[in-house]
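Next come two complexes, and both contain subunit A; in the first it sits with subunit B, in the second with subunit C.
Presenting the complex of A and B:
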């Protein structure tokens, strides 16, 4: 198996244009947000309470997504260095340092000004650094901070006592929102927002499921990252609900015309971990040169494991929001994460797994070395572990990463056998 | 008759092997500079000169090592990981694990019974435990690295040396010298540090016999002895251990020689 030259990746044309416009409009809209008329809530992606705050008229900002947008546009390092000059250490999460540096520098980015928060919602408390991040923002801005305590998922389905615990907190949260906005909770509006979320989620799942095709008509890691913006940032809006119809129509057109993400699919991968955003295109090229395509990935599911059966339910508003927060990918125990990845390998007929670990994140990355060993030794799935960073360009060593990837793909050539026979095989 | 060449451009040296019908007929080894294309050319010409053969007789050239893309006159490239697996299997067919310690890299490679890579692990971000590590620390002791191979033989109380950072290790060695520690004990500590670092990589892929030790550091008898003691295992070391990558590259070309280049 030899490497081949890689042309620039081709995206879904209309969907990519729409997505780009949505991003631009979102950030342009943020410039006008803030204050009593259009208050701003900061939230974390994992287990977020978007639907509730939207029903109160809040604009939502996800500093993690602002940070990744900074990194992919190569402007994260000045923010990180500024945070380090304030005393944040080399090993503090890149998302955190990008945000705190950016906030202190005034919030200006090449894609718009990020308004300060009127409300802070720490929707994922499983990472201690994140908790401290939100506390630092609360101290800086003096705005209300709501800390949602989400128990780790220990079993495949949410436990009744965990759900009850979450719902009690959601009611406290609603009381806080009523007090801070002066508005009464509108259950009907929440149901309408949830219904729009659900439509977006169903469309997103259809897109992700198309990775089962051989060859895969989607790139479920590098390309999916672009199309996950609406499901993460705009969930609950009409524009997000409609977006995935465009995406899925174009995926069907890809299949009809035989236009696949790589011209000749040679390796089907499951990918785990956050991408190295500062070197996103370089990293993607390392895959494409080998005819490798991601058919399933865990990272695009950090905003919700909708493809594993969960969908927001307007008929059970608070219950389903509680289940959503509990079931966030980052909130899954390692046995559940391992099973999910093994299921993806089987269900999507993958040849191998690639894990990208994050140097500045121990919360999400710790355990990935054991995952690698488990996949190789127990499941006999070829697996490569690489490490750089999601935000900090100083940690991306292209020669070393390329060498490891080349060696890995070389080694797949002689030993690769389909883990599951192709459909129709005798 | 099939004559093929493998050219291994590493961080420190350029190696070339000529194989004719599977037998080594020529070789060369020289330091690399900054003009890697010329270094690669010279390595091939020198090996051809040793074998008394002409360039036009060579049916395939494969480049390997970090500079493999600078073997611009070759037809194939293969990473040094794949080449060390093939080369070690060629020299010792029972090889199941390869430990390669070169100038800047340490690699543990698990190998199938056909010389194919099954799994591998490499040092990350730092040259601690590699040839460069020994170079730097030997310098701090006032020796050239080629002089310290057997120096640890008479060690009585080996010191502890960090294996996480070359620069810190150099500082430690300087501190031990300043405290009047016996150089034998310091060198023994260095070897223990190199081997300890290698063991953690080998454990990632699983240690099992036969283990073949390759790369420039395998020429250091003190490191080899320390490795054997720590593993309580026999360790294959060939007089050609620095050429294993180039041998593997040549074998790759031999496998491909029958088919047109891509």
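Presenting the complex of A and C:
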């Protein structure tokens, strides 16, 4: 069953070039930012308040994204080691250590200088480490810290009391922004930003939905990660709104010409978990040599479950921002996460699930072993669980991971019929 | 009494809870660090503080469900569940103190059918006008679960009565910790810890009576002063160190004059009920002065540690953090910077529930003590 060769993956050419330019321009722009004229807000991906902050003229830095960019460019380890030299232990989140190490070393990266924050916005949505991380930054920089406390999602739909709580906090946040910037809140501007966000989200959902095709014209994990940048970092801008039209046109062209990301699709996977960014290409190669393609994945939803029906709504600005903040993937309870993954297996006709656990990310990882047990024993879906780290190259053991993946794919055999969870499975 | 407490605490089958449930009563397991146990009590249920399996529980099932890089308390608590040792409990509350506690609820909800589980979202925005009303709504969600678990219907007057009882318990525990601070030779850290730990295992009326009896015994003890370092113990707010390790700290020459153990009994002082008792309970949580790793800092971490050192008149700090406990590990860095600036000595030790060998810790502790004594 193993494919004899695994050529380098083929990306959507125009979209990939556009994406690369957007990343370069973004970081080049950041290098000039900071201070009163172009203040900088640090934000977290989950439940972020990008639209509000942008409507006040802030540049936005996402230290998580900076960290993963460092890892994928193989420069995370010096930052991590520097943070460890300051006392951050081996078991602390790799993103945190990369960022705090980088900050202390002056913020220089191969893709540009990361400016210090003028404002820290902690959207406490799905990850407790966010709180600790932002406390450390607040202590270092002494700038204002706003805590958006996002209730954990335990019901399939947002509850009235959660929404009320969030909207009240958003109003308090706006008051803080008015005070710190000296600008008045412009509801019309926020609606315009939200409208652009929505366009980007619609395009992103169309891209993700393409994974339902057989064969899949997209790689919904490794490739999708590249196209997450605009939806997470540039949401609310015109470039992000337009970007996904290019992406989707190229996906259609792939279908028309039969140029699929995996030339001979043999295994359709749902992937759960954060990628091992320091060994991203190596890990991807382990999939491709078996003709395995990710048709759906949970990680690209860390910034929001747009594919499950939520889109920002300029007609209900604060309410939809409140609902958005609840919808980060890791802010969903395990019963909701389990159901989402089961739905993906069914809706995308997947053969198996691959779980990648992250050593230093408890939010994503604690309970993934139980998920594996549920998928295998209750739903009878073949599932492989692997562990390494999203940021720290010391925890990626390629031989061991490859052996386990080879054995797993070999055991799957040449499946043709998708495994479908039994009706009514949670 | 202390020996009896030791036996109860070390027994992972919860003998006091089984005794309670044999009388037809129901119990609710409460994961650390804070849960509104008064509310559980007000509904005719026994709130029981869960502190993992300690040194006597072998992990053979929970590793597979939780993965490798997680704290011992999460694994041993799940192990107790998977081996039916939590069978006496009708419900479990997991507060959002960290991502592991939060996720554990989702695992329990699948693996413990027939019991109610609730992930209690403890707010982290302590400045918003909307926080107390949200927490009241959160408590109402909990009430609905507790009613399904066999609790009596919620009645405000019952909560007021429970608050009065818990106030009494907090007062007694406050006296115990004040004694440890002001006359640290009157009782050991192990004694203080065991007596407090019983407070989460016994019916609260029984615990108050017990502390009343112990109070006079402790007061009557003659002074046994020794050359020991007044030390603040920071970090073990959730997973608990073994009793051997707790013993060792003072044996090595420290007086632990304040600590972060079992914070649930010291989250607030005397809770005054004004109007709706649920609102008072929520307000007490939000306005609590407790400033530990699982609470978004109401002030800077550096200021907080220096204030606590000052309040306890401590000469040094021991950081005793559980392996993989990220909230504790990250705070230590900020605390250390502040202590360095003030030249206050500290020592950082990591532990796991099932640690059995402490030779290295003993050496480190003795060196720490000597470095201060002979400075």
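The working rule: the second predicted complex is superposed on the first by the 412 of 426 C-alpha atoms of A that agree within 3 Å, B and C clash if a C-alpha of one lies under 4 Å from a C-alpha of the other, contacts with A are read in each partner's own complex, and residues count from 1 in each chain.
Keep this in mind: a residue touches a chain if its C-beta (ideal position, glycine included) is under 8 Å from a C-beta of that chain, and two chains touch if they have at least 3 such contacts.
Owing to the predicted nature of the structure, the values given are computational and were not obtained by experimental measurement.
Asker: Using the superposition on subunit A, decide if subunit B and subunit C clash or fit.
Answerer: In the superposition, subunit B and subunit C stay clear of each other.
Asker: Taking the superposition as given, does A:91 touch the first partner, subunit B, the second, subunit C, both, or neither?
Answerer: Touch status of A:91: second partner only.
Asker: Touching A:407, do we find subunit B (first), subunit C (second), both, or neither?
Answerer: first
Asker: For A:387, using the defined touch cut-off, is the partner it touches subunit B, subunit C, both, or neither? Pick first, second, both or neither.
Answerer: In the superposition, A:387 touches subunit B and subunit C alike.
Asker: Return first, second, both or neither, reflecting whether A:228 touches subunit B, subunit C, both chains, or no partner chain.
Answerer: A:228 contacts neither subunit B nor subunit C.
Asker: Classify the contacts of A:374 with the two partner chains as first (subunit B alone), second (subunit C alone), both, or neither.
Answerer: second
Asker: Is A:397 contacted by the first partner subunit B, the second partner subunit C, both or neither?
Answerer: first
Asker: More residues of subunit A in touch with subunit C or with subunit B?
Answerer: Touched residues of subunit A are more numerous for C.
Asker: Output check: A:360 vs subunit B and subunit C. Expected answer is one of first, second, both, neither. What do you get?
Answerer: second
Asker: Which of the two partners, first being subunit B and second being subunit C, lies in contact with A:127: first, second, both, or neither?
Answerer: second
Asker: For A:30, decide between first (touching subunit B), second (touching subunit C), both and neither.
Answerer: It touches nothing on subunit B or subunit C.
Asker: Rounded to the nearest angstrom, what is the minimum C-alpha distance from subunit B to subunit C in the superposition?
Answerer: Value for subunit B versus subunit C, nearest C-alpha atoms: 5 Å.
Asker: So subunit A touches subunit B in one structure and subunit C in the other; where do those two contact lists coincide?
Answerer: The answer is residues 373, 387 of subunit A.
Asker: Which residues of subunit B touch subunit A in their complex?
Answerer: By the definition above, subunit B touches subunit A via 66, 76, 78-82, 112, 114, 116-120, 122, 124-125, 204, 206, 262.
Asker: Note which residues of subunit A are touching subunit B in the complex, please.
Answerer: Contacts found on subunit A: 2, 4, 373, 376-377, 382, 387, 397, 399-400, 403-404, 406-408, 410-411, 414-415.
Asker: Residue numbers of subunit A touching subunit C in their complex, please.
Answerer: By the definition above, subunit A touches subunit C via 86-89, 91-93, 96, 122, 124, 127-129, 131-133, 135-136, 138-139, 147-149, 151-152, 154, 161-162, 164-165, 168-169, 172, 330, 333-335, 337-338, 357, 359-360, 362-363, 365-370, 373-374, 387.
Asker: For the complex, give me every residue of subunit C touching subunit A.
Answerer: My answer: residues 63-70, 74, 96-100, 102-107, 109-111, 119, 121, 123-131, 133-134, 137-138, 293-294, 296-297, 300-302, 323-324, 326-327, 329-334, 336, 350.
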